[in-house]
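Labels for the chains are A, B, C and D, by order of writing; each one numbers its residues from 1.
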Amino acid sequence: ADVGRLLVRCPDRPGIVAAVSGLLHAHGANIAQSDQYSTSLEGGTFLMRVVFHLEELGARRPALEAELAEVADRYAMRWTLHDAAVPKRAAILVSREDHCLMDLLWRHRRGELDLDVRLVASNHPDLGEDVGAFGLPFHHVPVTPGTKPQAEERLLELLAGEVDVVILARYMQILSGDLLTRLGVPVINIHHSFLPAFVGANPYARARDRGVKLVGATAHYVTEELDAGPIIEQDVARVSHRDDVPALVAVGRDIERTVLARAVAWHAADRVIVHDGTTVVL
Amino acid sequence: ADVGRLLVRCPDRPGIVAAVSGLLHAHGANIAQSDQYSTSLEGGTFLMRVVFHLEELGARRPALEAELAEVADRYAMRWTLHDAAVPKRAAILVSREDHCLMDLLWRHRRGELDLDVRLVASNHPDLGEDVGAFGLPFHHVPVTPGTKPQAEERLLELLAGEVDVVILARYMQILSGDLLTRLGVPVINIHHSFLPAFVGANPYARARDRGVKLVGATAHYVTEELDAGPIIEQDVARVSHRDDVPALVAVGRDIERTVLARAVAWHAADRVIVHDGTTVVL
Amino acid sequence: ADVGRLLVRCPDRPGIVAAVSGLLHAHGANIAQSDQYSTSLEGGTFLMRVVFHLEELGARRPALEAELAEVADRYAMRWTLHDAAVPKRAAILVSREDHCLMDLLWRHRRGELDLDVRLVASNHPDLGEDVGAFGLPFHHVPVTPGTKPQAEERLLELLAGEVDVVILARYMQILSGDLLTRLGVPVINIHHSFLPAFVGANPYARARDRGVKLVGATAHYVTEELDAGPIIEQDVARVSHRDDVPALVAVGRDIERTVLARAVAWHAADRVIVHDGTTVVL
Amino acid sequence: ADVGRLLVRCPDRPGIVAAVSGLLHAHGANIAQSDQYSTSLEGGTFLMRVVFHLEELGARRPALEAELAEVADRYAMRWTLHDAAVPKRAAILVSREDHCLMDLLWRHRRGELDLDVRLVASNHPDLGEDVGAFGLPFHHVPVTPGTKPQAEERLLELLAGEVDVVILARYMQILSGDLLTRLGVPVINIHHSFLPAFVGANPYARARDRGVKLVGATAHYVTEELDAGPIIEQDVARVSHRDDVPALVAVGRDIERTVLARAVAWHAADRVIVHDGTTVVL
């Protein structure tokens, strides 16, 4: 059977689950998984993700959406419906560090990431050959302090309207608020520290100076404020005084690629809902 | 509002969520959390846990149960309904090792465990004073190879009909199948290894001999077959060649008490469903 | 045999290990464990911890120390020699949260912490009975904004010269620089976040607001600058959007007590060397 | 300066550290790191790993070795001396699963593994192109039940005398005792379970049946007895009832590649000593 995913967000009040599940049942859908969350017991926001099986989802979708729109009206609901058979189109941006990129491309080839990777772009030419080996287009978009606006225009040509999500796999350039707005799709970044510790540059060197016993990585949606967007996933690894900065960087690579891969997989499966500056992963 | 928890188990087919959520809504309940799981896409078993708010749950419960019984008939459903305001009555059995017992009693005193601990029983008198300090009754029920049947009779007098769950907090006696049957309530045990590795006695010494790099603990429901019951929770900690057997035992204590506490808390909150020799924690 | 522990710190240069191990061998000591660390390959600081067995360490200690002083002169070495048979005298300061205190006292009773706990002091009377149950003196030293200097004087009477280490087991008062100086012994604190994230008050509420996916705890030596002292140990636990602030606090308790217990045990075993604002745990 | 690594193993008795460090000092070496371990306080085995800096190690090695042989005689010592500038020659054997192989090759290219990878061999042709992209020779050595002896002969031609270590990166063939003997070098395998749980085939399916809450992987030296060789490294990841067998396999891939990479890196750095059926990682 085809698989649909319905994400719902509305003010909490009794009857939402009954309304949605009743509607799906009436259309012949079988609920395979359903997760919900209320931000507070009284007057909170209700968030729900429902995965259902429905024969001929594509054909039945318009009728389903029409009725969903009615229910949504009644409950002041915001909703999105996703067909699991249609993977999101993705672009990956990278600079010179290859570990996050390679890891995503391997997982993609192995079928672990439900994404349609359309292209890789980089401000350096170094990784073009590696990307080519996976049969994917690689675009070199150089960025200098003087050419940043032009570079962003070039990125917009490549990405705007062409992809549903952009992944920054250690892309060492800050995207302008203007670019983010015009892009209009979620951008996922991997930051090489356990945010909010060590916001900004050189987190491993600063972690070393502070003598922390764990280093971490954080995948988050990009917002205009640097390293302050909603966190999707984080993890850490144990280190010791024996680990100098290059050793911390090496340990960090493993965390970074794992954390980014999890965040991307969850986003691809419509499991992440942004709410109030944070995320709910259902 | 009062809080109810409904656990449901039945053959999977379309409409179950709609039926249950519709019924709850009709009775004025607001679903706060709902988790479900199907053991397979086709012909599997459907498991669901619903937490709902309902004013005057106690008074409305009979009417709710009557309708639930009808729906249950239609879907060949097995269900239990729990009032969160009524904590389960529990007994803890222990031998000489105090770490799991003390940890449970502290958490209980702190309000972390939603249980009504009625008594502690032990085959040794050693921990009586510690238990007394928490204001709980302590029963010394000695067990020798010759007196095991009498000891089990004594335990049944203390426990059968008096408690809803029995917790073996490093109780170093094997409970007979007869005792388990006559007890008629779930029994949770903590085993000091990462099962199925090191079933049976002296797991830490055997872990040391085998040179494992992690030691673990497993909380499980007790069945007649030793260390083979459904696993509720497991965890591990890193060890090295420097850890001799006493060091492994010390590391293990921390894992044991944590794993047992989690399993007990989940059981107390009606989050654990046994299915096909394993557990589903919703 | 008696066990000695020698801690050494000096500018790195060839021959240090040979000099120290040769000296110990000449005195009949057998090295059981030895760890060393150089802060950099060229011109760094050399740190070493040696554990050795030596019959009649007490009697032989003066001769050993005399020769050590000579070697130390040659290598510009700072060193301390500890007899493992003489546990450090400790005081624990606590406010109202009992989990770290109870855990330390229980581990102490178990023999897991090689400390001579002399007393517990608190700015609240609440935990007096619990401490009494362990047979330890409890001192209530109230602190109000107006009486802080007097309270610190009272603490100094209790502690200065009486203990070798002070443990802040969730003691919710800031110790003045004057107190720290006059105390003259290491003070270990447990902070309820993964420092340097969430320095200061209410870390769990701030972690919730920021939407982090892990919460942590940090044990560190206290310096005059708040939450900035050398980190001894850290750990984290996974949380999710479902965990509200009280749930984070509950999860945090387990991390706090574990991290503090490890830091205290390492300090008690002379395993922690402070160097350049961080620690080296050997 | 050049870097040497000295591994020592002998019956424990006083003076070993002094003898070895004195000798190294006399030859002008500066000890950068030294770790030792005694299997028991009385009558145990002493194991030591010393990393030292010595100008012109290559030229001075014969003189150093001659004196080491003398000291070794005195202490019944077995020792090996390694020049860090000479990486071990390695072969990787693989079947169809690419994740461990790709991870090793990528780390190798990154400079994270101090190995000289000479070739990859496989009983399937599938991964030839991937290996070629790294500029390494790939040998297809098919194995059928009838041709196993010939296949092992072919492997011996490729490997015996040509490599210092063989890495089984999910090679799904059992190596005969005869092959192991004639190969004469350590063979490292990655097993896809937390040994000794789930020895043998299909560990993830069996883990699923048993309802474990963690899955793991184990890197070990290969001995004739299946999955029973000395364990080098293990790790686990949390899973739940929601993870079906393919999901466990996907989670497992990440653990397998990480655990194997650690084991290989430690072996490459002469950090693993086999002792009494287990390993000591110094």
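In the analysis below, a residue touches a chain if its C-beta (ideal position, glycine included) is under 8 Å from a C-beta of that chain, and two chains touch if they have at least 3 such contacts.
Bear in mind the structure is a predicted one, so any value in this text is a computation, not a measurement.
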Shortest walk length in steps over touching chains, chain A through to chain C: 1
Remotest chain, chain C as reference, centres from CA atoms: A
Comparison of B-D and B-C by number of C-beta pairs in contact, larger one: B-D
Chain centre separation (chain B, chain C; CA means) in Å: 37
Between chain B and chain D, centroid-to-centroid distance (C-alpha), Å: 41
Residues of chain C touching at least two other chains: 37
Chain A residues touching chain D - in the complex, by the definition given at the top: 98-99, 102, 106, 110, 112, 133, 250, 254, 258
Residues of chain D that touch chain C when the two form their complex: 12-18, 21-22, 24-25, 28-38, 41, 53
Residues of chain A that touch chain C when the two form their complex: 37, 194-198, 209-214, 216, 230-231, 233-236, 240-242, 277-281
